[in-house]
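Input: structures, listed below.
Common to both upcoming complexes is chain A, partnered first by chain B, then by chain C.
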Partner chain A sequence: MSGLSGVTGRGMVLLVLAALGLAVAPFVADRYLVSVLTTVLWFAYVGQAWNVMMGFSGLLSLGHALYVGLGAYVSAALFVHFGVGPWAGMVLAMLVAVVAGCIIGFLGFRFGVKGVHFALLTIAFAEVARIGFDHITWVGGSGGFFLPVEAGASDPLNLRGSPVLFYYVALALVVGALLLSRVLLHSRLGYQWLAVREEPDAAEASGVDLFRARMTAVAVSSALTALGGVFQAFYFNNLFPEQVFSMGRSIEIILPAIVGGIGTLVGPILGAFILTPLGEALTFLIEAGGLDLPGLKQLFYGAALVVIVVFRPEGVWPWLARRLRLVRQPGEGA
Partner chain B sequence: MAALLEVEGLSKCFRGLKAVSEVSFTVPEERILALIGPNGAGKTTTFNLIAGVFPPDEGRVTLKGRNLTGLKPNQVCAAGIGRTFQIVKPFGQLTVEENVVVGALARERSVETARIQARAVLERLELADQANRPARSLTLPDRKRLEVARALATRPTLLLLDEVLAGLRPTEVDRMVEVLRDLNRREGLTILMIEHVMRAVMALSDRVVVLDHGEKIADGVPAEVVADPRVVESYLGAEALD
Partner chain C sequence: MPIDYYLNIAASGLLTGLVYGLAALGLSVIFGVVRVVNFAHGEMMVAGMYGAVLLGGWLGLDPLLSAPIMAALLFVCGWLLQRGLVNKFVERPEHMQFILLLGVATILVNAMLMLFGPDARNVQVPYSFDTVEIGPMLLDAVRLRAGAAAIVVAAALFAFFRFSRTGKAIRACADNPLGARVVGLNIDGLYALTFGIGAAVVGVAGALMTLLVDARPQLAPEYTLLSFIIVIVGGLGSLPGALLGGVLIGMSEALAGFLLTPSLKSLFSYGVLIVVLLLRPQGLLGKRS
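Right after this comes the complex of A and B.
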């Protein structure tokens, strides 16, 4: 298991340096860089949330945009229509996402919908939500839902403020998700999740209640992801069903974990730090080169992804950790 | 000797094919019972019916008088039956120790305590030096041992072993036989084993049940059963008569 207990001294130093660097980044970085880093952190966070399902429990969700969207819309609607701030609103936002997740989970696990077919079920729910929200005029329908923006407002209690505020909230989410993932992975539940991921039949014969283990994974993952949605609503101040619930968004959510290393604690974070800057760098290079052809960025981005996935199918993190001796290898003692 | 496990009139059909037909037997407490028979005789199906993988069409399974029929595998495990799989199913990406910790967590809420228990079980099965290796890197004999270790860690009153000796070399068979005998004699563990290695069956079992075409054709002490003409004909082969 790639928990933090196996981190070497060198790995610990690097981890602390990275944390310090991120903590002071807004003091040295410009506005643009802070916004890029905030995006990186957001994907690192939702990537970790997705990882709880796929990485820890072996449940492939290709519809995580559903939970982002529900979290975003619920918290935004509470704020706009009832004046309820995001800190209180996030409770209901998470609850709604968990209920949606549990409905999908119930259908999937009770009726033996497995693997790719379970993934299709998750896509179906996200698509239904996307189309459904297009028609809910109470939250703006397809025309979009907008949160009131006051220039220069600073009201952290309502998550209104400067980009730097959002940066630190995103950083806190990432650190919180990392700590939570670690605690869960080393708990009884975490062992059961991994057992279910590896061999469901053997896990069940070892006393694991498959249904309960899988449902808790969905609940934890959907709740965490909804929190990412709350953040998104208050950060961008506008929501469009075609964006928040889109299949493309669902795929963007899973890429950091795939690139960084599914099932590892650091993988989704590292993956986000590779992918978002890669996208930004490509935009910059293409503009600098005067080659502003539509789709060119996506082409290079896709090619880079293929290269990474082909050469590091387990993800970049396990390889990097081995090469730089950041974690103890099996047999070197716990 | 009181019966620990009672199997009464167990039947199971798969698409019209009778895999197990009205099979009854009892496993007395602290004894070792071997289930033998040719391939396709319904041995593993019987195991799966006891372990709750699928419910029987007819019949019932009781452990210490408690009806287990219709329970799910995790509930059967909680009731006190541990099992191994004929085709080994290690949690491949987890270490050997973590595999056994999962078993120990069936009865233990604290991961720390489960780990201590897991280490003791690994010592017992001579896997302690492999504890930190990923389970997928083990050799087949070690994987078989790991199956037993994980099942044992659930602290069962009855252990179901599905061909844990198949594919092992004679010296490895002897080691495993020693371990199983020790568990039975010293800790009073009751064992129900499916086994083809007759040498081990004769050495270990107090009783032998023979299945053929889903039906029980013999049930008795080992020496009697291997001399039974029906058993010889269906399973052991004519050469055993010489």
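Right after this comes the complex of A and C.
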């Protein structure tokens, strides 16, 4: 089976064009545009990671900032304190995030914490981490944790380099997550996830181990999200618990998938490409108008959330794919 | 005498906790009846705070007098929100309701940030530095008044649900929506009324809160989470539970802030939440579903 069954010729052409465009973008775009695209790709990536839990397995996590933050702090601490580069450090970063995810998952699933309560449990853990990291002076506490920056450094082995390097790393993350999601969704595990999402009782009756299926979803999602955190740490070179672990960050992570289409493969990517540029354009216009309105971008994101959930609850992508006839079957992948 | 210290801290924690409990009551009422989790609860509370701040600034109104005005304003807002938006989502999957109200919350908090800026604002009251001596305890006059007002509003709410016809109809709705519809109750109208009442209650809690805390937009998500914690600790849908949970959280925060460092006090509340979720997910006074 080719990995792209169900995509029409027209869809193929668009996919190839989009891939080509992203591959050559740094050669034609200026620095600003590259940085915006990098942000878009980052949100596309973490959106995909979140989608594994909510979209594929029906587990609503509103605390994904926890995994971003753990990934970021673990890799940054290894680099600053022990000189361990991010390519090695990301293994431990992912491991720590998976352990945290599994603790939350274990507590949640074993004790039957469902729905609202599960979402609140994820928020509670993220908040505990936020307040906790404020007090860990080994990684800077609330004053922030900074990675050493050398101007003009080019050391890809330690993920030090130009914005273009980061652009391609982010692009690789998105492509990797897309392929992984595709493979997972068409595996035995993926079918189990969908069954658990749609009808947990029926899934269990037909022999699916609910606990294991859900735990693997949490593990995969938290590991992927932690990688996004590693990227964030080395891209921005500074970490503040108030930002990294904040509830606002958790909401930003879920936005792309909701706007693009929960449970679809392309949804989170499309959602990020819709939201981030619009947000940037809005900020740009406001600044061009000589106004300083902090919060307007977030207000726009909130409005986008409401509009999408009221008018296109299944997201933009399923609707767009039907409209433009990009896939043969409605509900691509999910 | 160190025991006096603890008594004092516990008592002021209790009084603050009563206001927390009142805010959580609003959340509990909405969840208990409409079965929708109001993710914009803290945002409504901070709106109540800003209302009291503005009324205090313009008219020199005491927050205790601003409270009924904010109740009326937020009742209308809550009623409209339920009628216009949330009612369409009552039958939709839970995560959709969450996301909708998360969106509303994001809009509200950032609108307040744009309108009022990030700086803290407060209301001046003549008795802000007064203290009242009760036995061995020395309590702030503001805290006493806020706590007493919270009790009065909570008692009125209990009486409304217990004795009035409308209150009984709302309870019928909560117990069995289908049955309530069968006997001819206007479910959609009662839902809107309930959402309005929940919003009004949290508006009052916000106005009272300005006696204790300066208004900042950043408080909103904190209060949303705090209300959730309280409601879950007390038991989702249980009104006395919400009040009890508020008092518990208020006292534990005050003691934790005193014994540890103040910045760690909310960590304590999350700890309580996690323990309760695991050991008694239906909450202290909640019924097992």
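Quick note on the criterion: the second predicted complex is superposed on the first by the 308 of 334 C-alpha atoms of A that agree within 3 Å, B and C clash if a C-alpha of one lies under 4 Å from a C-alpha of the other, contacts with A are read in each partner's own complex, and residues count from 1 in each chain.
Note that contacts are C-beta pairs under 8 Å (C-beta built on N, C-alpha and C of every residue); 3 or more make two chains touch, one makes a residue touch a chain.
Since the structure is predicted, the reported quantities are computational estimates derived from the model, not experimental observations.
**Q** Counting residues of chain A in contact, which comes out ahead: chain B or chain C?
**A** When the residues of chain A touched by each partner are counted, C comes out ahead.
**Q** Report for A:Gly9: first if it touches chain B alone, second if chain C alone, otherwise both or neither.
**A** A:Gly9 contacts neither chain B nor chain C.
**Q** So, A:Gly152: does it touch chain B (first), chain C (second), both, or neither?
**A** neither
**Q** Please indicate which partner A:Gly83 is in contact with in the superposed arrangement: first for chain B, second for chain C, both, or neither.
**A** In the superposed model, A:Gly83 contacts neither chain B nor chain C.
**Q** Please work out whether A:Val309 is in contact with chain B alone, chain C alone, both, or neither, and reply first, second, both or neither.
**A** A:Val309: touches chain C, not chain B.
**Q** Mind working out whether A:Asp134 is in touch with chain B, chain C, both or neither, as first, second, both or neither?
**A** Only chain C; A:Asp134 stays clear of chain B.
**Q** Pick one for A:Leu194: touches chain B only (first), chain C only (second), both, or neither.
**A** Touch partner of A:Leu194: chain B, not chain C.
**Q** With both complexes superposed on chain A, which partner does A:Gly289 reach: first (chain B), second (chain C), both or neither?
**A** Neither partner.
**Q** Would you tell me which residues of chain A are touching chain B in their complex?
**A** 1, 186-188, 191-192, 194-195, 198-199, 201-210, 263, 330-334
**Q** Mind pulling up the chain B residues that touch chain A in the complex?
**A** That would be residues 51, 53, 72-74, 77-78, 82-83, 85, 89-95, 98, 101-103, 105-107, 109-111, 114, 132-134, 150-151, 153-154 of chain B.
**Q** Within the complex, which stretch of chain A touches chain C?
**A** Touching chain C from chain A are residues 54, 60, 62, 107, 111-113, 115-117, 119-121, 123-125, 127-128, 131-132, 134-135, 142, 247-248, 251, 254, 258, 293-296, 298-299, 301-306, 309-310, 313.
**Q** Residue numbers of chain C touching chain A in their complex, please.
**A** For this pair, the touching residues of chain C are 37, 85, 88, 92, 94-96, 98-100, 102-111, 113-114, 118, 217, 221, 225, 228-229, 232, 263-264, 266-267, 270-271, 273-274, 277-278, 281.
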